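There are structures below to look over.
Next come two complexes, and both contain chain A; in the first it sits with chain B, in the second with chain C.
After this line comes the complex of A and B, so read on.
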């Protein structure tokens, strides 16, 4: 019983992390049909930005809430700048090309940004554990849980709710939905698709950076963290269906619980269970759980 | 093949063979790896002509490498030809099986599923202690039909092995491109349904291409394993696949030779950049990829074709 509860909590924490990372990716794909490899760079920049913020702020005796705020704000600002530069500087020149070509362009951007990280922050690794410590622990039954982890679940849930509300009940969300369904028709009805693209890309970038910022205290912020995150986020998004917010939510939950279960029960298969689940889901539903099959064009 | 192309290919092969006796060892080693990787790129070109880009080609590359390491270690086989054959065939066998699944996918979904499959192999290898886990395995020193060279002789012998395998592969793939099944690649990319209305099975065509490209990638992996003398799970990581796709974009799908020229260029630039500006290596790589996509969408090979075309246009 304890085991099942531990699996559930671990799974939820991991799912929360995956959802935060995957949601920006799926948003950009849904609207722009770009499989954004540079999402890993957004994550990296967010994590490094947050680590810098922690270095600046904590251990100075200032109120801790400000530290959390600074982490998030700095990371999102980095995401904003980076997203704008990428979209305006590079991506807009390849709109309308093959999806695979656009993915490759973001791959090129990812390669470049990997080195930019070294240029800015150097090759060393950063520790940003202070927020994790200062959040403290809570005991539920025999389990000791970190408040930070529980906070992570809350943040993911809030993000999911915000996205749902934003897409369904705001003007911009309705515009986005129109563009997702049919770009040309949306443009014909007077929606400025260019602006929608820019805003979407920037929001996606900020969400990626936010993911990095939130995860920074839990990992060693070092080179190559983006490389792993990309494939994880791809797996989650592919399971749920690319471009679907509900899909990212379901995908993150499935992967999170599966991984937690294997970590507790069969630790030796932990590394590839995610991809095995992805392959399995794609075998049964080629386009993911929440996306209908595309009709073939003649 | 046009006569001019045949002469060009022949002289390039001869030049590469002569170079094997002339150039210093480190260049020969570099060229050996580059040509071995060129085989993988050639496989990617086979698929790319049909509009498919695999972000998981490292699966077959790694499979070929590990097959060589394992039968060398457990089976005691040392003959290089046999090892390479087994490496290629084991990759082809795997791709034949998963091809039944993979051949149903297109575009980005194809790229992602192949990526997932290669990451499964990566996870398996990392977690399996008997396969060396993250440290990988050493590969035995090969013999060539009984001939057992050492040191510099071995480097040259491996180079010639790679050269012969590449030339054979280039000829066969060239012939495949001119065959009906090969020529149908472009119609498949443009419009599958029309190809089916012509009475061909698109999924079978694509399945064949998958197996061919896996055979090439497995052979490349086997050769690379012999040349490096070591295999490790990173051969299957997605960044390895990314590099192959990178070279493919750089080379363009225009011709068979482009795969090897592109791979040689890539390896040269890489070892150069590693030595000169290790911190900026990926910036360089990314910028080249970006510029190629933006300004030379058909790859570097198209530059040569453009020159050709210009000449022909001028002729009365």
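After this line comes the complex of A and C, so read on.
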């Protein structure tokens, strides 16, 4: 019973982490058909930005709640600036090219941004543990849970709800859905696809940076964190279906629960369980669980 | 300048070179084996300069190399290392980042040897890197000194001619860890392990669990967890440990993984439930400070850092390092310093007259070398004279709030012959066979 509860909670925490890092990636792919490797850089910038801000803020003994807010706001501001620079400076020149070319361009951007991180923050690692430790913990039976982790689940749930609401019930969401469904038809109906692209890319970048900021207190913020994240995010997005928000949600949940169950029950196979799940899903549903029907073009 | 690392196999090219050299009146053997007096010695220094392992390991290792090479070139290392450079030859160093895939590490190694024509390569933190570089170093006949990687497999798989490791391997760390644990906590009934899922983590756990099985067969293994290297998120592992009955957690985590794990376990008070035994913990104490749980059993991969024996060389090394970098040297810096000192001694032992010794001469001189460095006495006694053994020590961590400094107390020292396998014996077999011949 305790194990089942632990698997559920651990699975949800891990799923929350995966969803937060995958949602921006899937959004950009859904709208722009770009496999954005630079998403890992957004995560990295968010984490470094948050770590720097948290360090300065908490060292001054300011109220803790403000630290959480600063961490999130600063990361999203970094994502906004970085997203705009990348989209306006690089991506808009390659729209319409082959998807492989666009993926390679984002990979190049990722490599450049890794070096930019070294230029700004140096090769050392940063710690931003204060929000994690000051959040405290709660004891349930033998299990001690971090309140920060529980907050992570809440943040992921809110993000999922916000995305669902934004896509289904707002004007911009409907425009976005139209572009996702068919870019040319959407343009023919007068939708400014370029603006939709820019806004989507920037939102994706902000979500990536937010993921980095939220994870920063739990990890050693150091070079290479973006690589790990992008691999996991790709696995989640592939399971759920490239470009599907619901898919990212379901993919994160499946991976999170499967991984938690494996670590608790069969720890020796933990290393490849995520990819085993991905392979299994893709064998049954080659385009992922939630991929939408493609319009047939004549 | 002649390339000392490689000796080309005789062939057609060699024949024409001999002929052409003879016509010019140049003896080819002399051209291949000697160099002008006072010529520089080129070293390739490889360490993590970026990535998760850079801050706690790669950079201290690199800094250790930088400061030692500067001191050697200035002839300022205390006796018996006070000759300038390597036997009078100034050392020229090239620093390479170890970060990247194993294929990339091997490519960079080849570049150092074949393109930059370095005289020796000193480096590597990751056991994966060392395992990949070893056969290439042998193939290229390139003198290579591993400074930090710990897997015992390097010299167990087959004899090596050009590869050396002054720093003792992971078996010592884990046998000593088991001995320390049992000396301090003889009443435990079960323990768990959390180690990275690759050569280093697997070998560390294998040796620790085997040593515990020999020394205290009634104490059982509860959980053996192997998360992916650089996983970053350990919530599930912490839950698994919290729901276990273990009283001790063995971990060989290092780099950002160790720091991330410590932050995450602190948030969930795992260290209140079980004692953490961190075989590489010393490398993190100056960064984690009061975040490293008091009571953690700390290893330093040998008698390094706060566990190093007091000596003039050690005090000198601590001072020059702290003065330059503003933080005390951790064990990767010590290991780098010891590796360079060993190479210097071998080079000077091989050097006769003014000519630079060739690679084979340095390798022959390096074999079985014994010396005293900042970490105490080391002897290349196993691995056919290519693998060092030394005394080691373990202690218990506490953060001294009065001095606001980390401390390691309750230190226990273990002689080299107590925690290392004898020459010619495989580490795993030695432990499982009851650690016969151990002199404690």
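The rule is short, and it goes like this: the second predicted complex is superposed on the first by the 290 of 298 C-alpha atoms of A that agree within 3 Å, B and C clash if a C-alpha of one lies under 4 Å from a C-alpha of the other, contacts with A are read in each partner's own complex, and residues count from 1 in each chain.
The rule we apply is simple: contacts are C-beta pairs under 8 Å (C-beta built on N, C-alpha and C of every residue); 3 or more make two chains touch, one makes a residue touch a chain.
All figures in this text were calculated on a predicted structure; none of them were measured in a lab.
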Q | chain A as common anchor, with chain B and chain C clashing or fitting | A | clash
Q: Would you sort A:93 into first (chain B), second (chain C), both or neither based on which partner it touches?
A: first
Q: Please indicate which partner A:35 is in contact with in the superposed arrangement: first for chain B, second for chain C, both, or neither.
A: first
Q. What is the contact status of A:238 with respect to chain B (first) and chain C (second): first, second, both, or neither?
A. first
Q. Taking the superposition as given, does A:177 touch the first partner, chain B, the second, chain C, both, or neither?
A. neither
(Q) Contact-wise, after the overlay, does A:125 reach chain B, chain C, both or neither (first, second, both, neither)? (A) second
Q) A:107 contacts which: chain B (first), chain C (second), both, neither? A) first
Q. Is A:264 contacted by the first partner chain B, the second partner chain C, both or neither?
A. second
Q: Answer with first, second, both or neither: which of chain B and chain C does A:144 touch in the superposed model?
A: second
**Q.** Clash with chain C (superposed arrangement) - responsible stretch of chain B out of 39-47, 129-137 or 183-191
**A.** 129-137
**Q.** Footprint overlap on chain A, where chain B in one structure and chain C in the other make contact
**A.** 118, 123, 268, 270-271
Q: Can you check the complex and tell me which residues of chain A touch chain C?
A: 2-3, 6, 9-11, 13-14, 17, 118, 123-125, 127, 129, 132-133, 135, 137, 142-146, 148-149, 215, 217-220, 222-225, 228, 259-260, 263-264, 267-268, 270-271
(Q) If we count contacts the way the header does, which residues on chain A are in touch with chain B in the complex? (A) 35, 90, 93-94, 98-101, 103-105, 107-116, 118-119, 123, 227, 230-231, 234-235, 238, 242, 268-273, 275-276, 278-279, 282-283, 286-287, 296-298
(Q) Can you tell me which positions in chain C touch chain A when the two form their complex? (A) 49-52, 54-56, 59, 99, 197, 223-228, 230-233, 235-237, 239-240, 242-243, 255-257, 259-260, 263-264, 266-270, 287, 291
(Q) Going by the contact rule set out above, which residues of chain B touch chain A in the complex? (A) 53, 101, 104-105, 107-109, 111-113, 115-117, 119-120, 122-124, 126-127, 191-194, 238-239, 242, 245-246, 249, 279-283, 285-287, 289-290, 293-294, 297
